[in-house]
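In the two complexes below, subunit A is the common chain; its partner is subunit B in one and subunit C in the other.
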Partner chain A sequence: MGWARKILRVNLTNGTCTAEPLNMEWASQYLGQRGLATKYLIAEIDPRIDPLSPDNKIIWATGPLTGTMASTGGRYSVITKGPLTGAIACSNSGGYFGAELKMAGWDMIIFEGASPKPVYLYVSDDKVELRDASHLWGKTVWETEETIKKTHQDPQIRVSSIGRAGENKVLFACIVNDLHRAAGRSGVGAVAGSKNLKAIAVRGTLGTGGIANPREFMKVTYEKKKILAENAVTGQGLPKYGTQVLMNVINEIGALPTRNHRDVQFESASRISAEAMHEKRPSDGKSHLVTNQACFGCTIACGRISEIDKNHFTVVNNPKYWGASGGLEYEAAWALGAANGVGDLEALQYANLVCNEDGMDPISFGATVGAAMELYELGLLKEADIGIKAPFGSAEALARMAEMTARSEGFGKLLGLGSKRLCEKYGHPELSMSVKGQEFPAYDSRGIQGMGLTYATSNRGACHLRSYTVASEVLGIPVKTDPLTTEGKPGLVKAFQDATAVFDSSGLCIFTSFAWSLADIQPQIQAACEGDWSMEKIEVMGERIWNLERQFNLAAGFTRKDDDLPPRLKTEPARTGPAKGLVSGIDKMLPEYYEIRGWTPEGVPTPETVSRLGL
Partner chain B sequence: MQKSLHIDPNKCTGCLQCEMACSFENYGIFNNSRSRIRVFEFHHTGRKVPYTCTQCSEAWCLHACPVDAIRLDAATGAKVVMEDVCVGCKVCTIACPFGTVNYVQATGKVQKCDLCGGQPACAEACPTGAITFTDADWTGLDRMRQWAQRTDTQPRAAA
Partner chain C sequence: MRITLKLYATLSDYLPVEARKDNRLMLEVAPGATVHQVVRPYGLPEKLVHLVLINGVFVPPSQRATQPLREGDTLAIWPPIAGG
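Entry: the complex of A and B
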């Protein structure tokens, strides 16, 4: 069956924990994790509520393949209404926490209400309790994890927690597990902070049993692992270079957003690339990269473990940052680097460590710094406002702003609101490089046209993980399409969006999709879960999940005008590279996308679509 | 020919496929806490080290057991716990210098690696070759070869 068939409901207002059977009818329609938890959330909250009020709920959810031997089967997601966007939020994380939760016998945990004082949830198999977290409040993620393990005298506990950013309701605060894996986007950490929920600590010793067809499951998961091992991206590129393999590639095709999207190529890209992480530093003769690391059950192992240069100005007097730790991944290296014009690899790693330590999304944080630097260059923000000179390219400003945002000190309070609110405050909302309030990730929609439509229509605000058409437009997976044209992109985006929703609901990692199609995960789901999980069924399910999320956003007040890009991308052509002279063709793609989706010209699912998908 | 588990920590990524394979092979469930091989992560250095019983020739656990519940499998060289004989006294866990015999509360017995009867599931599951099942006489040969390669005594073209 794959599922543990049990969920935990925690009412933080009353301090109660209640076990409930999993709604198996919903599980048969929404599978798990992203799809199933979204179904629960939408059934239980009013879409118009304030995301940071006790009316919001926040769900930690695993998929049926989480905690199994299927490769990458260790994922969990956090689902809530996001404070950065006001839209549905679903942030996915790896590491070991998700599998531990599943092995403790829980498919998901739903938190409702708000605690009058700081608490953390301790789960030891079926024994659960809310415990006082007063002594943890004000502590970083790293201190929290260490303290909890000591308190329970159990080094094998896995912890998912917020740092000071989440406590202070930084609108892009994330939830971090295993020190440097994060449910990163849309401010899910701020929702936990608003509820005085510091952490979940889990020890699971029951295991994941009840696989519907164990013999078939072992056979098919071995076959599929072989495909990952033999694929150039998942078998060689990602383990050796990590996602950072993209830095030079995306720069070369002229789609690396630079200095708040003023440019599409960064002159220092090679200095912050995967290749640079492998090189020996002149200062100490060591390479930045120490090793790669897998998440639970993952046979790809794209994670980066690096050691910062102890002589770098950011850490020279701060030994706590000297050890090996997580980073840099491509998105973080881009957001902290190219987006601000900073080409100092060590400074990026320092800002990344601060993000991990205090639980901030480095994409939104870095992009917000980029917006602040543009405001500074335009003379709209002064040194006196920030406390430091902040021109594009300043590693000092990046490092200082990371600290002040993580701790909500001074100007950091404004940075913590994200670029949309920051730019609005200074009278230039158009300088926020965001959709629905969430900042763009590391691909420029002038150089990769499909990504413009991806961002505009993503249900959680600008995001690359909702339909990674880069795979097709740049890497040729599954088929090569031209990144500079809008032709065929609406259909491509829809196909990626629907398929991704299935991956995200299974417990597996979307990175497997470099080598696997839906046809590769379908037999794994079928062998693990009882019932019918045919290709036809899971394809429709992906589309159903997408439309369910869309319905939530529409009910929350979003309209067609929110499916749009900032004017810069539609009016300021790319200045260099293969996309030189091009702007985003979003206005051309959007109507066609709505039509292919079976939505009205206003972007609302038609009654036929709603009924066809069984919504 | 006897074979032994050979572990190369430098190749370990920390994916824990070995732990799941072990628990599935022995208990039919994915449960890392029941695995007889464990991967330890040393965060500050980025090192991950799989660790399990090395099947000592003169096994401390076997000699310490007062009820002869740990026996030699002559075919594989594994020291195997006879669950129906074990009384859960834990003396073997004290005797073992490496800590690789472990008490299990759920059963009231000890568990340790038994080489899966000659086809260790962990080695089969390991995606990177960090755990291999090799001719026991070759233990260390790979490392020897690596160091040999570093010695600067290769014949050179005549100067």
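Entry: the complex of A and C
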């Protein structure tokens, strides 16, 4: 078995912690992490509840390969009903926390109710207790982790916590572990904040035992690591340049959303790219990038560790930001940069550090700043409203808005609601570049058509990590398809969505999929887990998980009309680049997608589909 | 005719030192030159010439020896890369 077979249920209202056996029947159908925790959540909450009420539950979940010697086997996810969207939320994080939780002997932790006062959960193998967190409330993620380690006199404790953004229920607050790895999207941090849950601190010394077939597991994980090492992307490109290498690529193909999607190419893209991070700065002769970094068990090591320019206006009087720290990754660099027209690499890193420090999703934050800047440019928002001039391209405004949002000060309270609510308040909901209330990531769906369908149908709102068709449409993985056409995209999106659900339920990182297919993770799952884990079974499981999430959203009140893109992407053609003159073909792709999915024309799984998938 | 050659990621090492900062080089090439003809003098390892774009549009491997470039084109090349 890859599972610890044990879950922890924490009732925050009553202050009780109870161990329960893992539901192995569900584990055999949903594997772990994303799939299995979603099954638990849906079984236990009413989909129509207020996400920030005590009726919501929030689950930290590992997969059966988390904490094992499988490459990248350090992932965990946080599953809840998301406050940004009202849809299912499932945010995945790396670092070391997930493996530590597994090595403490727990597959997942389910939090229910709400604590009357701030608390954190301390887990040391079987010993679990809720502890007072009054002294941590108001502290950043970084301060919280340091304080907890000192309190317990144990530097090896791993901490997953919220910062001030989560406490203040910023609707895109995230949950951060290991200082700069995050369960980033959909506002899972706000749910923790609504429950007065500051952190989980874990020390696990039990190891990850119980592998079903240890000899086979060692053999197959060794073979699969070789594939990652020998692959040019996972063995060379990602370690050296990280995800940021995409900045110039996506700009070149004309799919880099710029200034709130007014444009598809950013004139300063090269200044905020991976290549720029390697360049020596004129100011101090140092490069921005210091080194790369790996999460637990990872043999790719794509993470970026950078050092901000100490002379930059954002930090010149603030030495706490001078050390090497996480970032920039591509999504953050895009959202804080191109999305706002800001081409100042150091300013982007500062805003990114604020996001890490206080637990905010830089994608939704940056995209919300982009919407605010457009409202400002249109004269709908004034300097007096914001407290600073905020035209596109203003690094000063970006930095100030990061601070005020993280701390919920002044206009930051409005920014913390996300772009949908902000734009609605100022009478222009169409200026929110979002689906189901969640902001787009870094690919324009006029220049990469499959991503439009990906965003429209993503169960957690606009997201690239639910079906990363960029791999095929731009990078040629596993096969090259034309990004400018809609033909074949519904099938491509479905295939990516279902496969991704398997990766996300296993404990492995989706970045392995640049070198591995499902056929590479299947034998690892089979060797680790008892029972039948054939290709046929895991393929159906991926589809089952997707439909399970869809059922939750339908029950929560979402309909076909929510599977749509903002009018800008359907009516305002791209102005430059290869996609010049094109709009998104979402209206053409969606009906075909529903049909391929086995859903009705209204986007509801048919009884036959529900039956076939065993839902 | 004049074109712009852009080499990114590890391929920037194959550019003249003065061109590496911007990852780009203005070139004078023979009319109708192909991708292969343009990059040959730079000694790029074939397996690293992976993602090839002319004016942002992908050029499949099968056309890199035959598709002619035109005046003012931008040829951009990356090794195998990915992100997310």
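Just so we're on the same page, the second predicted complex is superposed on the first by the 615 of 615 C-alpha atoms of A that agree within 3 Å, B and C clash if a C-alpha of one lies under 4 Å from a C-alpha of the other, contacts with A are read in each partner's own complex, and residues count from 1 in each chain.
What we mean here is this: contacts are C-beta pairs under 8 Å (C-beta built on N, C-alpha and C of every residue); 3 or more make two chains touch, one makes a residue touch a chain.
Being a predicted model, the structure only gives us computed values, none of them experimental.
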**Message:** With the two structures overlaid on subunit A, would subunit B and subunit C clash, or do they fit side by side?
**Reply:** fit
**Message:** For A:232, using the defined touch cut-off, is the partner it touches subunit B, subunit C, both, or neither? Pick first, second, both or neither.
**Reply:** second
**Message:** Between subunit B and subunit C, what opening angle does the Cα centre of subunit A see in the overlaid model, nearest 10 degrees?
**Reply:** 80
**Message:** So in the superposed three-chain picture, is A:526 touching just subunit B, just subunit C, both, or none of them (first/second/both/neither)?
**Reply:** neither
**Request:** Could you tell me if A:179 is touching subunit B, subunit C, both of them or neither one (first, second, both, neither)?
**Result:** first
**Message:** Under the stated touch criterion, which partner chain does A:156 make contact with: subunit B (first), subunit C (second), both, or neither?
**Reply:** first
**Message:** With both complexes superposed on chain A, which partner does A:249 reach: first (subunit B), second (subunit C), both or neither?
**Reply:** second
**Request:** Could you tell me how near the closest CA atoms of subunit B and subunit C get once both structures are overlaid on the shared chain, in Å?
**Result:** 18
**Item:** Interface residues of subunit A shared between complexes with subunit B and subunit C
**Value:** none
**Complete:** Per the touch rule, the subunit B residues reaching subunit A in their complex are 13-17, 20-21, 23-24, 27-34, 43-48, 125, 127-128
**Request:** Can you check the complex and tell me which residues of subunit C touch subunit A?
**Result:** 6, 8-10, 12, 21-23, 47-48, 50-51, 53, 55-58, 60, 74, 76, 78-84
**Interface residues, subunit A side, partner subunit B - complex** = 67-69, 71, 96, 99, 103, 156, 179, 204-209, 211, 214, 218, 225, 229, 239, 290-299, 301, 305, 307, 323-325
**Asked** If you look only at subunit A, which of its residues touch subunit C in the complex?
**Response** 231-233, 236-238, 240-246, 248-249, 252-254, 270, 274-275, 279, 330-331, 464-465, 468, 470-471, 474-477, 480, 482, 510-511, 514, 577-578
